[in-house]
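Two complexes are shown next, each including subunit A; its partner changes from subunit B in the first to subunit C in the second.
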Partner chain A sequence: MIPFLADIDPVFKVLAPRPADWLSILPEIAVAGLSLICLLQAMFLPKALRSLIPITARVGLVLVAIMALTNGPWVQPTDVASFAGLLRQNLPTDGVRMVFLLSALLTSFLAEGFLRERDAAVADYHHVLLVVTAAFMLLVQSNHFVTFFLSLETAAVGLYVLVGYLRRSEASLEAGVKYLVAGGLSSAFLLMGIVLVYGALGSVGVADSLNFTQIGKALAAQSVANTISPLTLTGIALILGGVAFKLGAFPFHTWIPDVYQGAPTPTTAFLGTASKAAGAFTLVLLATGPFAPIAVKLAPLLGVTAVLTLLVGNLGALATTDVKRTLSLSGVSHAGFILAAVTAALVLPGANAFGYDVEQVIVIYLLAYVIGTFLTAQALVSLPAIEDHRRPQLALRGLLRRSPLLASALGFGIGSLAGVPPSVGFIAKLLVLILLVSAKLWWILGAALIGVAISIHYYFSILREAVVRPTDADEELAPLEIPFGTRFLIGALTAASIIGGLFVLFGR
Partner chain B sequence: MENTSLAHHLILAGLLFVLGLTGVLLRRNLLVVYMCLELMLAAATLALVAFSRFNRTMDGAVLVFFVITVAAAEVAVGLALIVALFRKRGTVQSDALTTLRD
Partner chain C sequence: MDTFPATLLALAITAPIFVGLILLAGRDLPRSFASGFAFGGFAIPAVLGPWLLILWSNPSTAPQQFQSEGFWGFGFALNGLGAPLLAMTSLVGLAAGIKALTQEVEGRNTYLGLILFMLGGTLAVFGTNHLVGFYFFHEFALIPTFILTLFWGGEGRRPAAMQMAIYLTAGAMASLAGILIAIDASGVEYGVATFENVAQGLQNAKSIPAATGALVLFGLGTLASLFPFHSWAAPGYSAAPTPVSMLHAGALKKFGLYGIILLGLSSLDITGGSLGTWFLWFAVANVVLVGLICLAQRDLKQLLSWSSVAHMGPIFLGIWVCGVSGKADGLDAAAFLMVAHGLSCAALFLLANAVRARAGTYRLDELGGLATRTPILAALFIAATMASIGLPGFGNFWGEVGVFLALRAQPLWLQALVASTVILSAVYALRAVASTFFGPASEALEKRFASAPFGDLGWAERFAAFVLLGASLTIGFVPSLITKSVNPVAAGITTFSQHNAKAPVKAAPAVPTQR
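Coming up: the complex of A and B.
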């Protein structure tokens, strides 16, 4: 609040941020502050105390998560706009905030040991990770294309760093450059789309034509009068294309296998969960917000994309043998599931499954996906040889003997991703299928079921490697030492995977 | 200004955008590809300024500043990645990026 500006100009009286506005983004400010604390610690702490840095980050993230769960002014049960309409908060945005916090916390657990082993800086990684997390948290709350573009790009630039983080690894650098070019291309499309929507609506006298609410109102009026200009439609198509890129939906999924394979495994897990969650939720935000008046036109487009994404993701995963590539393409098929849920929401506004509306179903799906991904990633990170193995899935051989705990983590993770009962992944998939049935989208339902059937095959062929009896030719068969923190984490995630599903079913 | 209309600016911006896109898709040198990406952003910025001027709203002009800032950050990270890759591989041709495959 700057009092003298408000005195000079009456406009500032309306636009100047109120104290309540700052309180509403306190969790984001806290995460950004935490990222700076990580850097300061790296500068001033003596070498012996450096191991405190990731611990500080984790404790801070847990505190922020508790804060975001408690009922403060930063949690808005109803739709509340802040910063003169730049941001908008409601219960779903609070829920998806938790997805990002959880994902960052788990990434930090994976990253510490992984980076130490490879002699890379831990503090810098945490700094960038927390900046990206804060940007994602703001992204899902944005109600204006300026905040939308800025937070999306902040996150993207941070992710380029995290993907290419291992400077001595050719794979990591190559993945970083590929992600850079793919991401830059999507940003350019997105920006051009924003510009066209801004210009086309502004030229017919819509004031503040970057604001989601204003765009929604203008499009509603224009679609009644049937005067939506082709320029506006082109802009909307470009924006949705840019978002589909982040989500990894067909036909913008081609960068995913290379980048996920080459990136450091903790980054892969973060990309697969937080970045995908951001893409998914942004799509919901746009499709049910400013672009809702043209939902009739969008629904068939999204439906076809959902079907193709499901099929391409699953068939692609079937054809690969590298574990990280298989999981990345299975992630594409999960994006297809989320797209299917969004389509159901567009076809039947107010669609629900067991009383959960579409936004809640997507948050549940994303949380289930986070649990499954991190359980699987934990098993992969603990195998030292997997990155430089000629055929990485062979490194999984005999895992059941080397460490029953890791093998069961892999089992529960894969089970959760594949949607085997009683895991939360099963419940999440079930909710999406119920949405599809209630919206009577039989063709998408068919594609989803075919996808699930295919996915069982490749998920369990990964698991088979871990269970299969090792031969003498396999080099490493020594038992693996698992540190206490990892054991605790695996236990907690496994419990969450089982209890979470029951909680979703009977918890309300 | 009398002789130029909004359409002129938009056609120029569209041409630059398509030129950039063609470069990204066809060129093999990563630095050139990266320059073409920046050209696409510049095209979008030009359209933004033109719309802002002809629609008489300031929002677009303000967004331009943010876009330039973001593009600068992106260039810093991007060039760092490309230089690191060059040190490792000794080339910046995209044909040489063949480490990642199935």
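Coming up: the complex of A and C.
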């Protein structure tokens, strides 16, 4: 059918996907297929075998991850466009694929027990989780605003479901509604921006003014001739605003604490890692791709945003007592670090730290953040008091006695987030700081370092809470039973945190 | 393949870290096994550290032989300043380890493991030439310090640990900025950013951002409790468990000074201009103001903590006067004092804890007359105090006298001010000795002794104190053990920084970290 169409329609002949195009997104197709398998299993498996569903999802995710790590036709070492320019692949997009896969895998581990305890459907959660993962994986490969927006929206709709997943929990529902409103707003920003860019560039004869490559070329020509219209700039600012929502950068960070706090903890961890990674990477993609010709104009904007994001995130986290809220605001400060790295790339194209370019640094940063977040989340998810928002500031009390293992997971997770050597979090922060120094961005460097010093206070307070002796001996302070899977995961993540960091530093 | 000295170096650093890892992983390891293992972790560096110093001082072994290939191409390397500090740290580590092994604490294996991490990290700081490695290992050593203070500390440990963590992180961040900016300005690749290469690069650099020197001085100064960034130190040492206080006040804080000397003094001109003036006044405040604070202490451990801050003053002054005068003698003396202070300070913390174990308190007004009941403890404590105030025979004497002699070309008022603090430190230290060991025992103490008679210092602690005081006496009588390796570094830095201050001289400068 397709070759036939291509024969009669010259336009379609150019656009028709080639087999190589489909091969290039095989991991995404596999993840999407996996999500359907989860649904089918839920329909046809007898009740006794339902526990196979999350296992299928995990095995599938691991297989896809192995696939993405092997050097198949789905990994393009150099920049290659596919689907007539709708997608573009290179090594960094493959690296960030791994971030999403890892994040989904770890979320699945967190979610299974969590959902069972609350009588929520495990299969549906996995289905949506995998759809969102596939959408994110496509998003970072977009080279065209149509694929960009479509995959972003697919992911967003799935995330609305995941945030409001606990239908009997007021907090979860409230967070779901808030996220829906905030997300809708950000989509509106994004769409408005895309339309403005489309119109402003399309009206001056750009053939496909939604295509990143063509936008880049047009902007380059216009910036040389100094004819960039204010409309284009407004559009770009709006697009970046929409992305900043996903990333959680100032001033679009206000939804973060509420939504992260209310959402079920596995979703929070997924939001905090995968969604943030998507925002971070699309920002890099846009800023160093189509919008690179106006880097001179973007750099101050992003730089100021980075400084404010760092300060607002850290100071905000300092003033909270609820652990999830504190961590969500600290996530805002991590977004500031990512913004800082992007700014360095704009100011000094080709900036590198220890031989890693900015995209690689950001992938490393995101992986470090994934490890830190999930280690921390492992500890939080086992404490019902945190989920039910009872005594939020006391929820961690006595954790060291109840379960030394969870307390050390919390310690390593927080340590990785805080950037303590020898964790990979430290190396990631170090790389960003080196980028900032080489780009001579003193203000951002100062804000980043002050932010780290502030962050010690709240990170340390969380740990301190965990070691404080419990004052009352009520039933909540009984020892915690940790299943073997969780033990294994904590060990693996801790090892990854340390070995990963050393590998990044010395592995080249 | 590593040469023999490099293998020793790598072994000295990795042994405690490796043993620490095993103890952390094996929380339930049987007690006797864990003890033996931990003792090995403390003892191996204590043998290798002094051995390495002797090897280093031997002219027939070239500095290159101390460069370890290490893992992933990032190895360890020794320099003339690091070698004696490494030896000192290893001995303090042994004493602290013995003390820790005699303690009964909850989660003993974790406790020992973390102390071994502290020791290994500190040894690694002095055993690396690489600036990023220097920073990496200094944080690596500090984190267990916070955790140990928070979990196993004494009274007021939580606020103290928090204050220490924030101060030291802020300081670390400032110094990290300084280090990164310096590396960037020097144009050296990060992979090969050793102290020597960066100093070389900075000499040829067209411009160095103005704040670099200040960031390095005050950032690393915070670690070394430079006034006014010192206020974390006394509560931090006081609240920490004794082995941690010993290692922290004795060894860890020296890496602030180590970095200031090798990076700041050698190539960032920290003693010139208004920064130099600030440096001088802060150093004087360390001596005078903190000395006065010591005078007001009524608690033995607090007093030791504060006096360990005050004793940083002469070291800072030695560094300052070296930069100002362009003569190496100030730095020679400062480096000597760094080693000697580590030994005496650790010995005092160790013995003060022994006092507390017997009397049940650190409060000076509740102590007294212990000398009759515990003569050996008293003798050792007096010896350690004498070492600390710089009596001839102990290592501190050479350091303090050397600093004063180096100051002789400076204005008289400065000399008078600094000299007066010798009296000050004698007053508070001897008063502490007097009210602890002599005079009538307090009623509470008598009662305590009547209900639960306590004996003299145990053998383990005696041994630990002998190690520290013996080392101090050894370098007091044979100062060349230290000067042989330190003086060439100081001379190199002096000529080097003078080259730096003048117009660009193309002649190859003396490389600061070589012998």
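To be clear about the criterion, the second predicted complex is superposed on the first by the 502 of 508 C-alpha atoms of A that agree within 3 Å, B and C clash if a C-alpha of one lies under 4 Å from a C-alpha of the other, contacts with A are read in each partner's own complex, and residues count from 1 in each chain.
Convention: a residue touches a chain if its C-beta (ideal position, glycine included) is under 8 Å from a C-beta of that chain, and two chains touch if they have at least 3 such contacts.
Remember, predicted model here, so these are calculated numbers, not experimental data.
Annotation for the three-chain superposition on subunit A: subunit B and subunit C fit side by side. When both complexes are overlaid on chain A, the residue A:A496 reaches neither subunit B nor subunit C. Once the two complexes are laid over each other on the shared chain, residue contacts for A:A280 go to neither subunit B nor subunit C.
One geometric descriptor of the composite model is the angle centred on subunit A: between the Cα centres of subunit B and subunit C it reads 140 degrees, in steps of 10.
When the two complexes are overlaid on their common chain A, residue A:V332 makes contact with neither subunit B nor subunit C. By the document's definition of touching, of the two partners only subunit B reaches A:L173; subunit C does not. Look at A:L380: by the touch rule set out above, it reaches neither subunit B nor subunit C. Judged by the number of subunit A residues each one touches, B leads among subunit B and subunit C. Contacts of A:F354 after superposition on the shared chain: subunit C is touched, whereas subunit B is not.
The gap separating subunit B from subunit C at its narrowest, counted between C-alpha atoms of the superposed chains, is 23 angstrom.
No residue of subunit A touches both subunit B in one complex and subunit C in the other. The part of subunit C that touches subunit A in the complex is made up of residues 27, 71-74, 132, 136-137, 139-140, 143, 146-147, 150-151, 158, 161-162, 165-166, 169-170, 173-174, 176-177, 180-181, 183-184, 190-191, 209.
Within the complex, the subunit B residues that touch subunit A are 6, 10, 17, 20-21, 24, 30, 33-34, 37, 40-41, 43-44, 47-48, 50-51, 54-55, 57, 59-60, 62-63, 66-67, 70, 73-74, 77-78, 81-82, 84-85, 88-89, 97, 99-102. For subunit A in complex with subunit B, the residues that touch the partner chain are 145-146, 149-150, 153-154, 156-157, 160-161, 164, 167-168, 170-171, 173-178, 180-181, 184-185, 187-188, 191-192, 194-196, 198-199, 202-203, 207-210, 257-258, 261-262, 319-322, 325. Listing the residues of subunit A that touch subunit C in their complex gives 353-355, 404, 411, 415, 420-422, 426, 430, 433-434, 437-438, 442, 445-446, 449-450, 452-453, 456-457, 460-461, 463-464, 467, 502-503, 505-507.
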